[in-house]
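In the two complexes below, subunit A is the common chain; its partner is subunit B in one and subunit C in the other.
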Partner chain A sequence: MITPYFVIIPLAAAFLIPLVSKRKTGPAVLLSLASTFALVVLSGYAFFGRSGETLVYRMSGWKLPVGINLVQDAFSSFMLVMVSLIALTSLVFSPRYIDRLGGDAKYYSLFMVLVAGMNGVVVTGDLFNLFVFMEIAILAALALVAYGGRAHEFEAAFKYAVMASVSASLILIGIAVAYSATSSLGLATISRGLERQSPILVLWVGGLFMAGFGLKTAAMPFHAWLPDAHSSAPAPISAMLSGVLIKALGVYVLIRFFYNVLGAPPLFLQIFLVLGAVSIILGVLLAIGQWDIKRLLAYHSISQIGYILLAMGLDTTLGMIGAVYHMLNHAVFKSLLFYNAGALETALGTRDLREMGNVSKLLPVTSGTSLIASLSISGVPPFNGFFSKLVIIIAAVQAGQPLFAFVAVVGSLLTLASFLKVQKFGLRGGRPVERLIGEVDGGMKTAMILLAALCLVTSLLIVPGIRETTIDPVVKVIMEKTGHAQIVLEK
Partner chain B sequence: MRDVKPGLTVIVKTVNRLILWMIFLYGIYIILHGHLSPGGGFGGGVVLALGFLGVLLAYGRGFSLNWLRLGTLRDLEYSAPLLFLGFGLAGMAWGGAFLANFLSKGKLFALLSSGVILPLNIVIGLKVGLSLFLVVLALAEFDPSQGDDE
Partner chain C sequence: MDSPLVLVIAAPLAVALLNLFLPIALRKAMTVIGIILGGVLVRGFFGAPPPSVALFGTTALSLDDLSFFSLAFIHIIGLIIFLFCLKGLDPGTERTFLVLYPLTLACANGTVLSSHGVGFLVFWGLSGLALYGFALLGQGESASATAKKTFILVGGSDVFLIMGLALAAMSSGWSLFDARIPLAGPAEALAFVFLLIAAFAKAGGFPLHTWVPDFSRDAPVESAAFLPASLDKLLGIYLLARMMGGYFEVGLFTRMIVVTLGALTVIVAVMMAMVQHNGRRLLGYHAVSQVGYMIMGVASGHALAFAGGLFHLLNNVLYKSNLFLALGSAEKRAGSHDLDELGGLAKAMPATFAMALVGALSISGLPPFNGFFSKWMIYQGLLEQAGGLAPAYAVWLLVCLIMAVFGSALTLASFMKFLHAVFLGRRPERFEGLREAPANQWLATGLLALLCVVFGLFAQAVPLRLFVFPAAREAGFEAFTYPGFYRPNLILTLFVIGFLAGLAVYLLTAKTRRDGAYIGGHVPSEAFRVTGTDFYKEITEMRPLATLYRQAENKAFDVYDLGSKATFGLSHLLQRAHAGQLQVYVLFILFGVLLFMILAG
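Showing the complex of A and B:
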């Protein structure tokens, strides 16, 4: 019975915030932190306490196929833990940073709407419900991207809005086709209904969803909006967008739809493999050339999403372990990197790597945590990125795809090269910086240290005993494929 | 002599004053009969917003803001979703599931025959009407020449 609270709590907080904090932002910060903390506790309980169970919640008591149901299994709970954790650190990081932008309570309100949208997408078991929650999250994200109020931020938000509308239209057509063929909107009932339909129709629905949610995922041919949007947003929002939004709205839905609804059709998995490989290489090649640190990180998001897509295209249990594990790891280290970029921007007043210098003396926490994050994303042991990439590479070799394994290795090396550049120009090399124009406050430091610790803690998930209680139930749900629909329908 | 008063001419103002209450009545009618005839919270809310919009167009921004007390409208708009959530939670407490019905279903085809749908429609109508109006107001206040440059 805890499932609906994942949407109720953030939504209630979002609309209480403007009522309780009219002039000062203090109550808004407290309320949003409290509700996000509650979400962390609840999702932790759902994931560790009720692991392996599939909870089905019927809205207003109506049964399928008439009503809307919420489905919470290990995969949903895993995503909820990830979203809540990153949201909590993002809120801890925010107050000072947002004050600098002339912040008000609206920021926190929009932030909670964003969380509500993502949680809704993750827990819903209804296709149209998913669409609505996705739009809620996207609208909040659009407003937050433009939050700074400068011309280039509006431009980025507008570009994002255009691409989001295109993807929403594709998804809506896809939903219409699926609905007309199966007369139902529940994911489980659609899965049942599509089994009896012609392969051409499945291809048509799958293609529409792949293009629509591919745009949300920002895999390579659909990536054009991401570098602008993610680099123009305030740093804590960039962390939310790159860390969890593209996964909750993109990767999660792709896995859910193509595995649990369509039953992993080989043609689409082939496409995932190719999209993943292309994203890995082109994303990182574009990243190396960037001098704006946040833009560089945004291009790396495309490249890292490529790893997840490649792993989920392998259609093996090990590959899926790699995909799920890398999803969590990427959320942790990419958010940390964006916090680092935000701290540097606050302290130095620039995002251009060429104008930065040696700050390791003045900003020990920022430079230390950014080293950890850089090593994690480049796949250097003992940090989390190494293990998930290793699993993905081994899975690719085992699945008889040595070429894709090679692509993953090359991508990792190029990632290392580009983060050496960040460290050399941005934090350690060059002339020493003498004076900082802004202060990196306690909240920012706490958020960065917390995530740096998580970079190490999450590498423990590879230990077999721990993996069996964390990642394995998630992968089990995904690899049940259409059998999952049966479990939902029987509840 | 030039008319220095804000807003449109006296003809428009008079007509607006005459039909404004009819527009509101129509919007409220659509909201209240959402479960019996086409329409409902969203459609009726849009009609309410159009009523407000008529005032804004006929009398100008200054007068409308004075007449409407923006702060109260805003608070009302924020509370509408909270009320909705409140009804949902009440359904959880007394009806067994989120948004489940917990009120009497009444007599078929009567106004009070839909349990919790009627109050939910009212809340939605309030939210949609105020939101749409506030969006238009925000667009009216927006001055593109005042943009913050790089």
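Showing the complex of A and C:
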């Protein structure tokens, strides 16, 4: 059984790192790279090799509802692939960047705890374990946001902590209500139990979870913590937070809970649609006015998450394909954009777009990959963002929601405008930059080139033959709705 | 996968990829080979369309007479403009230019060959991306702003295209050919509007045209001739022709609205063109203005006007790229495209001047050149259309027609200014010793000029018979047998007789004296040179126009600027609510939770 290793490997690495590296960070880098690489291989094997199956691992000899289990199906494997890939590139990007911040081995330790937390959330089949893993990930994230050690970073971390505890309380209350009604904490058994409960109770549990995990997802109006936290963190951590954390802790749990546990109640799908639409438009409007490149990117995360929520709310297979596909694409291009921002900050010493200039000659890799990422997020062919937005817009039209499709269209137009602003001021402006204050090293370049290539490669997932073996199994698990609980219980 | 249709797209694409790595001379050779290979393939399609290509169980690529029409001219114009590019490209951006050029051709070919909506979307978007690539090559202060504006308008309209095609697909599936969607419900009407937005943004129709003049000024001049003057017209009008001829069942009122937009395009752009001081911007505005005629012709729903609109598309592609390239030749020698600084280049560059003269006369619609022929077809078609309409519609159509005719007169006026400012007038001293443009350049403009003449004199026999009429028939406009009352041979004969008579009068009564300029005894210095840019300064000071021009200068009518002002206004408003106060943020959450609780009952 491979499932527990997704938690064991990063957790073990996190505890080993302080032991093997006292002063030098070299061993820490190697160890963390090795363990994330192992995770990439494992998750790749799980996703491509055992895609159709649902693996259930019992942590003890007991079956549900008594024991606690880990559940790994195509959807979890998909998330694991995504998390591991982004974590790997993030670690490749990190060493020089973190050295510059006066970094030490603790960074890598915290990083691996973050990965362990996310992986735990994704593979667990138990609601309370999910809560615990979520808190582990959030604690690591808090420390990492404050890692730079400057005043505004502490402030951002503090705000993040307050918001995170608000969301944790909401979720905990939700868990308490669910537990009191069903006397169980396994997701599959809760699904069974809630079917027999009054609809009002389901609504309350759903409402609490929607707010709690909505906060983690940073959907409007629960978004306010995100711009501060994501823009204050070191660039590779911003990439992890924006690229995968809000999806593993937010979107993934929302889909899992509302589709596979509650069976996609129409009221909540409506809420997804509205939250999505509001997030798309307000997020992008807030983003386009920003001059701090990382804040701009952070607001775009809200807007892009809006697309995923909107597609989730359509309750059609095509819509879910769009949501899952966009989730992956967003992870790829948003992480890349944060790396670009990090590289620019390293090279120019500023995050203010107005103080940047034309760096296309001095930083060819950064400006080239940033163009690719900008075009991807703006939905320009042949990059991945185009295809997922295409699917989402078509799905919305076909689901009889042309108004929401139009929102997606307008959001996409404004996204394009705002990223052309980034290109114009940040990388291809009129004033050529004379001299760089820092060097963009090989690791940063490798990470950026890897993700830029992925921006093109993931476009291929739209091709029917490839889609059938990648996205379709994931969507199948989700669209089984509560039938999934049955499968888990029978194992 | 081995169909020749795939090859037409794949060959230039392969050249573009290869060109990433080759040295410059080989890049040029490969591009020429690629275009010629494509041309040979397309020649083979004439009269014998190849089988459609299926992909994933649907028809992906296929060729009908309308796509053949565009495909053929993409290759012709691509080859001629590349002849111009063989020598004299800006060395700083040459390498990228030679990658983008074949890439653009591949995308354009793909666009007109795609019969499935999704393929069309991809290629359409890619060609917009190529346009952005060319815009990024521009140099000068405003180049980066122009690149941004261009791509926001052109790339931004692509999402509307997605939505439009998705809406249309609901009622008729994804095939672009012959869907015949009635504009009955709101969904279909919306689809029509969205597709129209995309076509207008690409072709440069009012009010989405504002990127064209900026792009023309800042991007490399070859790309201005290649994209906004040629390929983007071919693609934009291709989409419009599909929409108006078979994809939708368009009613009279909708047609009239589109015709009106066309007439507005003509007049608004030509008014702006008149007062430009920059040669490239002037040509850019004319590139917009000419689209107006095509829109009017294609949208009117009259067979003759439809064919006229398509024919005008070809003619515009020829003379507009000719003019851009001729100006480019002059600019590369003289080092400026500012009309205030140019002048008197005719003597130094006689060949270039002669070609530009043909282009200018063609665009101004002087018989016997091609521009007149197509405008004549459009006018006659619209007049016949008006004859069969209810009085109110007839008056409406006639007003549009008068605007178009008036626009044509202003075009002539504007090109008098252009020719004077660039080629005639007194030559500034710094242009002493200027040489003629390289042979490849005037050969390219010469070929275009030659085609302008051929298309004017032998319109019936060559372009109309071979390309335009089959395309119009494909779009369902069959009901005509003659292209109007106009006979170019007759006009040419009359012109020749008139010219000979004039010459005779001149020779018989010749008593002329040649003298230097006399300026009240002053030495004729640079300060006294008449540049020609202020020929029409009066109209900018006329009563109602003065305010309009002033506001246009402040970009009060530019959709792009209006849009960005609105967006940033909203953004600032929203930012006020995000001042970084934790209490406010917690209130947001509370609000959200309460909302859920209320919804959950």
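One rule holds in what follows: the second predicted complex is superposed on the first by the 491 of 491 C-alpha atoms of A that agree within 3 Å, B and C clash if a C-alpha of one lies under 4 Å from a C-alpha of the other, contacts with A are read in each partner's own complex, and residues count from 1 in each chain.
In this text, a residue touches a chain if its C-beta (ideal position, glycine included) is under 8 Å from a C-beta of that chain, and two chains touch if they have at least 3 such contacts.
Because the structure is predicted, anything quoted here is derived from the model rather than measured.
J.: Touching A:58, do we find subunit B (first), subunit C (second), both, or neither?
T.: In the superposition, A:58 contacts subunit B only.
J.: With both complexes overlaid on chain A, does A:185 touch subunit B (first), subunit C (second), both or neither?
T.: Neither partner.
J.: Looking at the overlay, what does A:225 touch: subunit B (first), subunit C (second), both, or neither?
T.: second
J.: So, does A:215 touch the first partner subunit B, the second partner subunit C, both, or neither?
T.: second
J.: Output check: A:149 vs subunit B and subunit C. Expected answer is one of first, second, both, neither. What do you get?
T.: In the superposition, A:149 touches subunit B alone.
J.: Who contacts more of subunit A, subunit B or subunit C?
T.: C
J.: Examine A:8 and indicate which partner it touches, taking first as subunit B and second as subunit C; both and neither are also allowed.
T.: first
J.: Taking the superposition on A as described, I'd like to know which of subunit B and subunit C A:46 touches: first, second, both or neither.
T.: So A:46 meets neither subunit B nor subunit C here.
J.: Can A:429 be said to touch subunit B (first), subunit C (second), both, or neither?
T.: In the superposed model, A:429 contacts subunit C only, not subunit B.
J.: For A:16, is the partner it touches subunit B (first), subunit C (second), both, or none of the two (neither)?
T.: First partner only.
J.: Can you list the residues of subunit A that touch subunit B in one structure and subunit C in the other?
T.: Common interface on subunit A, subunit B vs subunit C: nothing in common.
J.: Which stretch or stretches of subunit B touch subunit A in the complex?
T.: Listed in rising order, the residues of subunit B that touch subunit A are 74-75, 78-79, 81-82, 85, 88-89, 91-92, 95-101, 147-150.
J.: Under the touch definition given earlier, write down the residues of subunit A that touch subunit C in their complex.
T.: Contacts found on subunit A: 159, 162-163, 166, 170, 200, 203-204, 206-207, 210-211, 214-215, 221-225, 227-228, 267, 271, 282, 285-286, 288-289, 358, 375, 378-382, 386, 389-390, 393-394, 397-398, 402, 405-406, 409, 412-414, 416-417, 420-421, 423-424, 428-430, 463-464.
J.: Considering the complex alone, what residue numbers of subunit A touch subunit B?
T.: Where subunit A meets subunit B, its residues are 4, 8, 11-12, 15-16, 18-19, 57-61, 149-152.
J.: What residues of subunit C sit close enough to touch subunit A in their complex?
T.: 56, 118, 121-122, 125-126, 128-129, 136, 141-145, 147-148, 151-152, 155-156, 158-160, 162-163, 166-167, 169-170, 187, 190, 564, 567-568, 570-572, 574-575, 578, 580, 582, 584-586, 588-589, 591-593, 596-597, 599-601
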